[in-house]
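After this come two complexes, each holding subunit A, first together with subunit B and then together with subunit C.
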Partner chain A sequence: MLSNLGNFLLFLNILLSFTVIYFSLASLKSAEKIIFRKIYNISLAQSTIVLVCFFTLIAAYITSDFSLINVYQNSHSTKPTFYKISGTWGNHEGSLLLWVIILTIFSFLFLIINKNHSKNYRLYTLIVQNILILGFLFFILINSNPFLSISPVPKEGLGLNPILQDPALAIHPPLLYLGFVGSSIYFSAAIASLLTNYSERAFAKSIKNWILVSWIFQTLGITVGSIWAYYELGWGGFWFWDPVENASLLPWFAMTALFHSVVVLEKRNLLYFWVIILCLITFTLSVTGTFLVRSGILNSVHTFASDPSRGLYILAFLSIMIFSSIFLLFKKYYNKDYIINSNSKETFVLINNWFMMFYLLTVLIGTLYPIFTDAITNNKISVGPPFYNAVIIPVVIVFLIFMAVGPNTKWIKNRFVDIKKYILIFISALIINFLIGYFFKSLTILTNLIIISSLFLIISSTFDLIKSITEDRIDFARIVSHLSFGFLIFFIGLNHNFSIEKDFNMKVGETKNFDNYKIEFKKLELKNFKNYKSIVGDLKISDNKFGEERTLNPEIRIYDSPKTLTYEAAIKTNLIKDYYLTMSNIDRSEYYNIKFQKKPLMLWIWISVFALTFGGFLRIFKNAKNN
Partner chain B sequence: MQKIIKIITISISTAIIFVFYLSLNKDNNYNTESQIGKKLNFDKIESIDEDKYLYIKELKGKNFVLINFWASWCGPCRSEHPMLMKLKSEKKLKLIGINFKDKKSNAKIFLKELGNPYYFIGKDEVGKLSINFGVYGIPESILVDEQLTILQKFIGPLDNQDLDDILKKINKV
Partner chain C sequence: MKLKILIIIFIFKLSILKSAENIVEPNHIHKNLRCLVCQGQSISDSNSDFAQTVKLVVKDLIEQGKSEEEIYSFMAEKYGDWIVYKPQLNKENFLLWFLPYFILSFGGFIIFRLLKKKTQKT
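On to the complex of A and B.
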C-alpha cells in the first residue's frame, strides 16, 4: 500500500513541477506586474506533497514494512525506532528524496521571501530550480526509487550498517544536504540573473542570506561528520583528507569565497561576474561530489552500493549543468573595467577569494588526480595527508595574517594608520608562543608559525571586539567568526603538537608503563544488548605526574543484522584533553591490540567550529534586522 | 582573450567528464588477484641484515619461490609459522620472508623462538615494497614459479589446505 502511495506522490510531484514551469512561463509572458497567485499555491502544494512523500517512506521504516525493497535492504525490526527513522536517509534512494525535499522547499521559500525583487528574475529562478527538481525526480523514478515493492514480502530486513547507527550520523546527512543542496537556489538565481540582466546589487541582496544559510549547514554537516569519524572510526583523528570528505569541503571553499565577495557586489557593485561564477561553481561542485560518492568511483566509508547506471545519470545531468552554465555565462559576459584600489577592503576580499580558490584547487587536484591516473594509466595511487599538509598549511599561515588585517580596512581607499598596533600584536603573539614552547614542549618550526599567526588573528580580533564595543559599532558576526577561526587553527596546532600515541599488545592482567603513564588491563566482560553483543574492556590509565586515574571501557561489538564487527573507542573528555583508547582482538590469541592516545584540547576544536557557524547565524540576524 | 578562456574552460570540463565516464566502467575494488600470471617485478630486496641484497636474477630458473610477508607484532603470522616450518624442508621451494614494518630485534627474537624457515629475509620498514607486490595486509604469501611468474596469492595465514595447494603445484612439474 505504502509503495503505491509513494509512487503516486512521486508522479504527482513531477506533474506539479511541470505545472509550476508552465505557469511561470505564462506569467513571464503576461502583462501583469505580479506573479500569478496560483504559482504560489502550486509551489506550496509541491513542498507539502514532497514532505508527505518523505513521511510515507519514514512510516514504512517505522512500521518495518519489508514489502518495500528499500526498507528490506536497510532496516530491521529489532532496530531502535530512532535508527529506523534515520535509516530513511542513510541509503542512496532515501537520501535522494531528501535532496528533492530541500530543492523544493528552498524553491518555495525563495519565491515567497524575495517578494520585492523583480518578477522575471524570480520566475526564472523558479523555472531553473524546477528543472533541477525534475532532474532528480526522474533520477529517483528511473533507477533509485525507494518505493519499489518486493514479492513475496520478506519476514525480516537485512539491517542498517552498524557504524551508521549513531546519533551524530543520523543528523550528519540532513545538515550536509541543507548545505550543498541549498546551494542550488543561488545556482538557479545566478542563471536567472544572467537571463534577465537583473540589477547587480539587488541580485546580491536576494542571494546573500541563502549563501549564509547553506554555508552554516555545510559547516555544521562537515563538523558533525568529523565528530562521528573521531569517536566511531577509532583512528583518533577527525580529518583524514578522505576523497569523500574532500568532496564536501570543495563547495565549502566556494561558499566561503562567495559570501565574502557578494558583500563587495552589494556595497560597491563590483565583481558581478565573479559572484555569478562562484554561484555556478558551488552547486556544480556539490553535484560533482554526489556523482563521485554515488557512482562508486571512490571507495570510502561513504560508499553506497555502487551502480554505474546511477553514475551515468548523474554524470549526464552534471554535463548538462556545466555546459549550459558555460554557454550562458560566455554569452552574457561583458568586460567591465573595475578600478579597485590595492589598499582597500575590496582588495582584501579578493585576497580572501584567491586563498579560497587556492585551497579549492589544491583539494580538487588531490581528489581528482588518483581518479585520473587510475582511469588513464591503470595506476592506483592515493593522495593523502602529506600532500595536503605540505601545500595547505604554509599558506594558512599567511591567510591568517590577512584575515586579521583585512576587516579593518575601509571601502574604496584605505590608509594604514595602525602599523604600531599590528607590531604590538605580533610581539604579543611571539611572546605567548615562546611561553607555550618554554613551559610545555618545544614546537616544530611549522607549528611555531601556525601558533604565531593564529595568535595574531586572535589578539587582533579581540582588539576589534573591544574597540567596536567602546565605539558602539558592533560587527559581532565577523568578529565572532574570525576569532573562532583563529582559535580553531590555534587549537588544531596545539593538538597536533602535543598529542601522544602508543600501541600495545596486552592480555588481561597485564600492565604497561610509558612516559608518565601506566595502563592496566583489568578485565573483559561480555554484555548483551538489543541488537548486538559487546566485549567490553576495563582499562585503568594512571597519570603518574598529576596523580590522575581514569577507567576507560573500549568495546568490540558484534552486530547480528547485518553480521558485523565494530570497534568502539572509549573516550574520556575534559576541558584540557581527551584520553582515547581502542581495543581490537588479535586472531587466535589471548592478546588484544590496545591503542592509547592523549589528545589535548579536542573539546575546544569542536567549540571553535560551532562558534564559527554562530558567527554566520549572527550575520543572518543582522541582515534581517537591516532589511 | 575571452575566446581562449572559453576554449580552455570547455576543454577542461570535457576532459574531466570524459575521465569520470571512463572511471564509471572500471572495477575500483582493490584486488590483488589481478597480479596472478604477471612476472615478479623488482631488482633487488634489501636484507634485514645491513648491506646484503637479494637480486632477482639469483632466483630465476632454479626453484619455486614463496614470498611471505610477516612481522613479529602480527598475531596471525605467529599462527601460520608452523606451516612455513613444514615447507622449509621442500627441496623445490625457496622461502623468502619480507619483514613488514617491524623492529629488527623483535623479528630476530620471533625467529629464534619459532624457528627460521627462510632462505632470505628482506626488510620493508615502511611498507612500500609490499605495496609493489600488491600486498595490503599481513600475513600474505605469493607463490612464484621458476620463471618468476606469480602462480597464486594467499591472503591471510596459510593453513593445511594452502599447504596442500603449494605442494601440489611445486610437485606437478
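On to the complex of A and C.
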C-alpha cells in the first residue's frame, strides 16, 4: 500500500515540476511585471508533496513494512525506533529522496525570499532548479526507487549496519546534504544570471546568504561526520583523507572561496565571471562527490552504498551539467576593464581564492589519481594522509599568515606594504620547506611552523577584536571565524604533536607500565542488550605523575542482524585531554589487544569548528539587518 | 615587521630541530601502511592476522636498521604500491606530486598578472 502511495507521489512530483517549468515559461512571455500567482502555489504544493513522499517512506520504516525492498534491505523490526527513522536516509535510495526534498524546498524559498529581484532572473532560476529536480526524480524512478515492492513479503528485514546506528551518524547525512544540495540554488541562479544578463551586483546580493547557509551546513556535516569517525571507528583519529571525506571537502573549499569573492562582486562589481564559475563548480563538485561515492569507483570505508550502474546515470547527468554550463559561459563571457590595487582588500580575497583553489585541486588530484594509474598502468596506488600532509601543510602555514594580514587592508585603496614582497617571501618559504623535507625528513619542523603561523593568526585576530570593540566598527563575523580557524589549526597541531599511543596484548588480571602510566586489566563482563550482546572490559589507567585514575570500559559488540562484530572505544573526555581506549579480541587466544591513546585538547578542536560556523551565522544576521 | 621576526624564528627553529631526526617509530610506520584485507584501515588500526604479520615484519626491518623510506619500498615491492599510503616519488607518480605545486605557482602568476595589468594602465 505504502509502495503504491510512494510511487504515486513521485509521479505527482514529476508532473508538478513540469507544470512549474511550463508556467514559468508562460510567465516569461507575458507582459505582466510580476510572476504568475499560481507559480507560487504550485511551488508550495511541490514542496509539500515531496515532504509527504518522504514521510511515507519514514512511515514504512517505522512500521517495518518489509513489502518495500528498501525497508527489507536496510531495516529490522527489533531496531530502536530512532534508528528505524534515521535508516531512511542511511541508504542510497532514501538519501536521494532527501536530496530531492532539499532541491525542492530551496527552490521554493529562493522564489519567495528574493521578491525584490527581477522577474526574469527569478523565473529562470526556478526553471533551472526544476530541471535539476527532474533529473534527480527520474534517477530515483529509473534505478533508485525506494518504493519498489517485493513479493512474497519477507518476515524480517536484513538490518542496518551497526556502525551506522549512532546519533552523530544519524544527523550527519541531512546536515551534509543541506550543504551539498544547498549549493544547487546558486548554481541555478548563476545560470539564470547569465541567461538574463542580470545586474552583477544584484546577483551577488541575492546569493550571498545562500552560500553562507550551505557553507554552515557543509561545515557542520563534515564536523559531525568527523566526530562520529573519532568515537565510532576506533582508530582515534578524526580525519583520514578518505576519498569520501575528500568528496565532502571539495565543495567546502569552493564555497569558502565563493563567499569571500562574492563580497568583492557586491562591493566593487568585480570578478563577476569568477563568481559565476565558482557557483557552477560548487554544485558540480557536490554531484561529482555523490558520483564517486555511489559508483563505488573509489575504495573507501563508505562503500556500503555503492552500485556501478548508478554511477553511469550520474555521470551522464554530470556531463550534461558541465558541458551546458561551459557552453553558456563562453557564449556570455566578455572582457571587462578593472582596477585592482595590489594591497587592497580585493587582492587579499583573490589570494584567499588562490589558496582555496590550490587545496581543492590538490585534494581532487589526490582523490582521482589512483583511478588514472589503475586505468593506464594497471597499478593500484594509495594516496593517503602522508601525501596530503606533505603537500598541503607547508602551504597552510603561509595561508594562515595571509589570513591574518588580509582583513586589515582597505577596499580599493593601496594602503599596505607591497604585496610582491609577500609573494617573494611565500616562494622562499616554499623553497625552504622543500629543502627541509629533502634534508631532514622530519615532521617536527612542520608541526612547529604550523603552530607558529596559527599563533600569528590568533594573535593578529585578537588585536583586530580589541580594535573593533574600541573603535566600534564591529565586524565580529569575520574576526570570530578567522580567530577560530587559527585555533582550529593550533589545536590540531598540538594534538598531533603531543598524542601518545601504545598498544599491548593483555589478558584479564595483567598490569602494564609505560612512561608514567599504568594500565590494569581488571575484568571482563558479558552483557545482553536488545539487539546485541556485549563483552565489556574494565580497565584502570593511572597517571603516576599527576596521581590521576580513570576507569575505562571498551566494548566488543556482537550484533544479531546483520551478524557483525563492532569495537566500541571507551573515551574519557575533559578540557585538557581525551583518554581513548579500544579493545579487540585476538583469535585463538585469551589475550586481548588493548590500544591506549592520550589525545590532548580534542574537545577544543570541535569547539573551534563550531565557533567557525558561528562566525557564518553572525554574518547572515548582519546581512539580514543591513537589508 | 612581524614577518621579519617570523622569518628569524623560522631560521632559529631550523637550527634547533636539526638534531631531532631519524628515530624510526614503528607505530608511525604502521599508520602509513594499508591493511590489505580490511576496508579503509591502516595496519595500526587493524587486528587482522595480516596486520599482525606486517607488524612483525616491520619490527624485524627496524631491528635490521632499515630507514623509514627503505621499509616503505620493501613493503611496496613485496605487496604492491597499494599498501603504502604515501605514493612513492617515481616516474609514474611524478604528476601527482608535481601538479599541486604547478597549480599553486600558476595561480600566483595569474594574480601577479592581474595586478600588473593595472599598473601599466595608470
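Quick note on the criterion: the second predicted complex is superposed on the first by the 597 of 627 C-alpha atoms of A that agree within 3 Å, B and C clash if a C-alpha of one lies under 4 Å from a C-alpha of the other, contacts with A are read in each partner's own complex, and residues count from 1 in each chain.
Heads up, the rule we're going with is that contacts are C-beta pairs under 8 Å (C-beta built on N, C-alpha and C of every residue); 3 or more make two chains touch, one makes a residue touch a chain.
None of the values given here were measured: they were computed from a predicted structure.
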Of the two partners subunit B and subunit C, more of subunit A gets touched by chain C
In the superposed arrangement, which partner chain does A:F291 touch: subunit B (first), subunit C (second), both, or neither?
-> first
_First (subunit B), second (subunit C), both or neither touched by A:I586_ = both
Examine A:P167 and indicate which partner it touches, taking first as subunit B and second as subunit C; both and neither are also allowed. neither
Inset, instruction - Could you tell me if A:P80 is touching subunit B, subunit C, both of them or neither one (first, second, both, neither)? - result: neither
Requested in this report: Tell me which partner A:K380 touches in the superposition: subunit B (first), subunit C (second), both or neither.
Outcome: both
| task | Report for A:Y333: first if it touches subunit B alone, second if subunit C alone, otherwise both or neither. | result | first
In the superposed arrangement, which partner chain does A:L315 touch: subunit B (first), subunit C (second), both, or neither? first
| message | Applying the document's definition of touch, where does A:I371 land relative to subunit B and subunit C: first, second, both, or neither? | response | first
Note: overlapping subunit A surface for subunit B and subunit C spans 299, 380, 586-587
In the complex, subunit B touches subunit A at residues 2, 6, 9-10, 13, 16-17, 19-26, 28-30, 73, 75-76, 78-79, 157
Listed in rising order, the residues of subunit A that touch subunit C in the complex are 233-235, 240, 242, 299-301, 303, 338-342, 347, 350-351, 354, 357-358, 361-362, 365-366, 369, 373, 377, 379-387, 390-391, 395, 401, 419-420, 422-423, 425-427, 429-430, 432, 436, 440-442, 444-445, 448-449, 452-453, 456, 460, 501, 503, 584-587, 593
Seen from subunit C, its contact residues with subunit A in the complex are 2-3, 6-7, 9-10, 13-14, 17-18, 20-22, 27, 31-32, 34, 39-42, 44-45, 47, 49, 68-69, 80-87, 92-93, 95-97, 99-101, 103-104, 107-108, 110-112, 114-115, 118-119, 121-122
Subunit B partner, complex, touching residues on subunit A are 291, 295-299, 308, 311-312, 315, 318-319, 322-323, 326, 330, 333, 335, 368, 371-372, 374-376, 380, 505, 586-589, 591
